[in-house]
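The following pair of complexes shares a single chain, chain A, combined with chain B in the former and chain C in the latter.
This part shows the complex of A and B:
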């Protein structure tokens, strides 16, 4: 037993009032008493639901076996939906993990939240060197679900391109872009859409690998008849067809996001920043022109085309010279790849497979060797992992509206 | 790099955690049964002792307090209790399996009643079958588990379109939101947090589309083993006993519907998913619906002369036996629908009756059990374990905050939280 706060000589911590602590201390004493008093009869012990014998079935045993493999370390980040701890294997403290403890939300009327279910569902099935690895899941007695994830101390890709003290070149961008494309290829090969690819959902591992994380919006796209929501993917990375209300799509939506990520790493700023959803199509057409039915067959049948695009004056896309001027870091081949990924018509956009076959990878410079890739310092990066992992679907951080993630829209189909 | 379907399947949790050999499967069921029976006996004995104690207390206090306690009540409870020491007759492993099968049949009817998509029903039923590998029907009531399994399957298959737990509860008789949500943690834990079920339905559709190409003479898969599309078409028409491609397509439609029904019923209500892969199951169903064309189809993938062929066809045939052995299986399942499930075989009836007297008294009220875990309840004067833990956590957090504000206290490890279960712990 730890020391009770009431008997601690220290003043109360800020924000907590004395009576609360006193009450706690009192019940603590109560608890200690009851613990030390031997249980009088088999009957009273056995009829206490939730007591030691109540539900110790094989499933609980199995769960405990998993839970006991890991030890919790210091807290790395805390959000509304999850707290992230550093942890390690009990039998080998040098093997680190991140433990994401999902909070139970009393307001949540529908049981375990959908984003957690999705994250567990997809990460348990998918294993790839460039996807975050879900090592194990266990519950603690208070019914908190704990996700044991890979420990990724390198921070987010976004922090990396934003940190101007870190210098990197074309070979580095190529290595990162390639790892991202491989990760997305694997997802799509497994018929899973990520639907929230962005550079702050990409975390950097100790060996400098990129790891795609946050599967709270993922879903399968194996069933072509199923309707999907167009209200997904963080705005800066959302493809035009979703703004136009498309409800049938495939891997192409993720590929647009991949193009945005590679572009922003290349120019070290957001590639298509906008202030509102409504303004974003304008930002897209500023670069890519206003598409016509000829460029994009079927365009005019999309749900919001009439109100969003029909009356727009014709506009031509930016010429190649504009791209060369904006993205000197990735060269002509890189620009060709990015433009292939950022093709307005989703059916003409490069698939993950096609992206991996692109000549960018085989032209000079060669992709940087992993061990030579630039990275952020240790402590800071680990904290960033905590900040990243603590976020769960629907959570929008105040003051970060520039990269507003997803919307809380439970009415819309996902 | 080429990834085969087999590679993908071997990555799945269904392969890693939910595929068994027959002997391993019954071993696991045996273990679950033995464990649960011991718990049931212990808890029923405890329950009886408690009631007996209460009965004596009430009996002795009744004459003193006089009219305000209805006398009949107390003694009545005592009288209804089976005599202490009488042995509880628990379900055997085989009886448990019959009971679980019955639960799943009822769940299938529920899915039918709620007009849920076949995928949702199938997922819910597989969740139940997985759940009852690690839990006994004596411990957890099938009807309660079914409702939550359905809601979980709905959430996973339909996302936000699943609707709220209250909405779902309102579609069910005598069910509250709490009934739906309370057992959820118990279930997801037994499911080992694996939520993907690989069904054979889409694969069956794939076979069907390929066969249509085959009879039209347009089949162009790589492995045809020297046969031209024309030769294959002729063989396919012969196997289907028709003369024109149009008749063949029509017949294939019926075969597909038949096979799909077998997958929707017999495959769900047997151990098929535990013992076979989705492709083995779907080929078995197709083989049952139309043996000749299925065998021809197989030879377009694996030549009959291949060393693996006998093993492949042997495995599929053993799955065929499993599926056709289920009582839902008939040559004309469409007409039968779920009528077969209206009457239970005598052994199942007996097991269901027996279950009534060997239910674990501690785990019947799942809402209360969950509330006990969730909230701070004091029962029998002792605090919930979880409360103690939460207290400890709160205290720890308060201390951490205090540390941040005042700086750490100069002391030894006295405030170090003790290792207890699997709670967060500061590194030593």
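This part shows the complex of A and C:
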């Protein structure tokens, strides 16, 4: 390993030193859980020659201690790699968790599959209000790994903007965009690339804050001598340099995705939809023009430039008026931010730090307060509740006594 | 009062129609409403049939759609056409003989309760409740709250029974002003008695033909302020055990960083390092894909020296968690060596 991304330098959460200690405590617990988590066979294989039995016993004991804290609830969903259950703490059933039970798949018979390994590795050490919290990890008898995650009842951000019954405005978009930028900034500060930011992977918590989830493709920033794969990030959110086969990228690939997410929340449809990987570069150049060596130094040296871009007829990017007409919700400052995030040349693209320094956050309107953010189902739920309240007591409106005060309410005029 | 008055209104309707009000209701009636002249109750009884307007004597028999309105100044009932006729051109005195109240058309309304005494009491209670709107949490003890409630009830009954009306009204208004001032200390407050001007003003201040609400309030408030400048009088009422209202802090400027910061405390990152990476960073595959050398520097330094910011002793002291006890206890002091699976 060697990388412990989030442990230091000291993350300085807001407020006094008390939360720092809490954070410290948490991270330590994770480390402990983390070490217990892998299947006992792994732990025992790595033990000192002195007493393998004793250590295996210890690992099992620690694992049981963690596993016994949680109780499984109903199944929430099932995918190819994992089944998700709702669970709760045994000592406090009101504290809900989501338990992600990883499936053993055929390719990874021995050991842990790479996705869950990455998820555990990064989530265990990253703590931020806008990143999903990994509470614990334990194994069950069948050597399945269970990730205990925060329970997030609000649904995905994508469902929210796709649901046209939910109305939201510029202040709401700004609040969401800020939470997303903070989450990504925290990742990059700790040298972690998410590499799969999309509105599908952003989940809304009970307190309406966004949580970045699914660290299955995450990795640390690579050293210069190491190559990274360019086949990451869902197509709609993939930056042009990855289509051109870049193997040495930085946080900028995530920032392109962030720009796409903010744009799609602002226009309530996919910003850069395309049918195939090959066609996507065409979709990008449709909006941003065909880059030249002047606006993107070194462009022609990229691996796939010859086959993808060489000889394309020159094309100018869409003018500012196109953006203003497309995204009236976020205003000029927001458009400036999105255009900064969606800059073709990755070295000119805004970094997470620069994005948080942008004047969009401080210009009007002020970002919506968390408790006032629209959430999915809230309206329908409220409507149903209203209908229900209306019928209470089997009261029938006769019309005769409707205008007569039934009750003396002296405070009503307050 | 309402408890007394309502049954008499509801169940004894026939009696009321026959012989006017019942004894009890009659005595309260004379107390609360402005029927001072002895001849009036009899006449009122004769004409008080709800079908006849006491001003124009037209009856519902002739005009089916007649509506009766009252004005909360004196609660005299009259038909809509009379109100239109008399008050359309501005405030005018009440046309009922003996009542000299100045009425305004805007305040005429349909009565909600059949019994006008109840109507009036409800109005007064509503008005008082609007001003005296403290809750139990505003007081230090239940006793103080109960004392407050008693005062409120006393004020209400004073107004209903017309005891010390002038003074009570004045104090009520002063209290309301004080409450408002407390809620919004920055609001421009009307300066009563602005020094030397008062003498010149006072000559003309009584000559006010049409008293608007604000004018009247200023007048009474200023007259109320002059005699007794003590604190209680200025604030209308002072209650024992009433907590000071906490002024909510102004909203802070939005922090896009959410209060978080990452600062390297134990090392600093230079812009350039003499490192083999120097040689490669001018390659196109780095600068064309946004790979930034400073990020690599700080990453490497973080990995190397980030641990300097961790103080195990402190963290162990803070922890007191069972999860930590396990390895220490079971390991029996021996270093539990578990290879890192990552």
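Following the convention adopted for this analysis, the second predicted complex is superposed on the first by the 314 of 414 C-alpha atoms of A that agree within 3 Å, B and C clash if a C-alpha of one lies under 4 Å from a C-alpha of the other, contacts with A are read in each partner's own complex, and residues count from 1 in each chain.
Following the convention adopted for this analysis, a residue touches a chain if its C-beta (ideal position, glycine included) is under 8 Å from a C-beta of that chain, and two chains touch if they have at least 3 such contacts.
Just so it is clear, the structure is predicted and the values come from calculations on it, not from any experiment.
Participant: Regarding the shared-chain residue A:289, is it in contact with chain B (first), chain C (second), both, or neither?
Facilitator: neither
Participant: Check whether A:125 is in contact with chain B, with chain C, with both or with neither, and answer first, second, both or neither.
Facilitator: It touches chain B, and chain C stays clear.
Participant: Please indicate which partner A:145 is in contact with in the superposed arrangement: first for chain B, second for chain C, both, or neither.
Facilitator: So A:145 only meets chain B here.
Participant: Between chain B and chain C, whom does A:273 touch in the aligned arrangement: first, second, both, or neither?
Facilitator: Neither: A:273 stays clear of chain B and chain C.
Participant: A:252 contacts which: chain B (first), chain C (second), both, neither?
Facilitator: Touch partner of A:252: chain C, not chain B.
Participant: Determine, under the contact definition given at the top, whether A:189 touches first (chain B), second (chain C), both, or neither.
Facilitator: A:189 sits against chain B and chain C alike.
Participant: Looking at the overlay, what does A:317 touch: chain B (first), chain C (second), both, or neither?
Facilitator: It touches nothing on chain B or chain C.
Participant: For A:62, is the partner it touches chain B (first), chain C (second), both, or none of the two (neither)?
Facilitator: A:62: touches chain B and chain C.
Participant: Where on chain A do the contacts from chain B and from chain C line up?
Facilitator: Residues 1-4, 8-15, 21, 24, 28, 35, 42-43, 46-48, 54-55, 57-59, 62, 112, 117, 121, 189-190, 223, 410-414, which sit in both footprints.
Participant: Please give the residue numbers of chain B that touch chain A in the complex, ascending.
Facilitator: Counting only chain B, the residues touching chain A are 3, 8, 11-13, 31-32, 35-36, 39, 42-43, 45-47, 49-50, 53, 134-136, 139, 151-152, 155-156, 159-161, 164-166, 177, 180-181, 184-186, 188-190, 192-196, 202, 361-363, 365, 368-369, 372-374, 377, 379-392, 394-396, 398-402, 405-406, 409, 414-418, 421-427.
Participant: Which residues of chain A touch chain B once you look at their complex with the stated criterion?
Facilitator: Touch list, chain A to chain B: 1-5, 8-16, 21, 24, 27-28, 30-31, 34-35, 41-60, 62-64, 67-68, 70-75, 85, 101, 104, 109-112, 114, 117-118, 120-122, 124-127, 137-143, 145-146, 189-190, 219, 222-223, 229, 409-414.
Participant: Residues of chain C touching chain A in their complex?
Facilitator: Where chain C meets chain A, its residues are 2, 112-113, 122, 125-126, 129-130, 133, 253-254, 256-266, 277, 280-281, 284-292, 295-296, 299-300, 302-303, 306-310, 314-315, 318-319, 321-324, 326-327, 330-331, 336-342.
Participant: List the residues on chain A that touch chain C in their complex, please.
Facilitator: Chain A reaches chain C through residues 1-4, 7-15, 21, 24-25, 28-29, 32-33, 35, 38, 42-43, 46-48, 54-55, 57-59, 61-62, 65-66, 112, 117, 121, 128-130, 178, 181-182, 185-186, 189-191, 220-221, 223-224, 241, 246-253, 296-299, 301-302, 345-347, 349, 356-358, 361-362, 366-367, 404-405, 408, 410-414.
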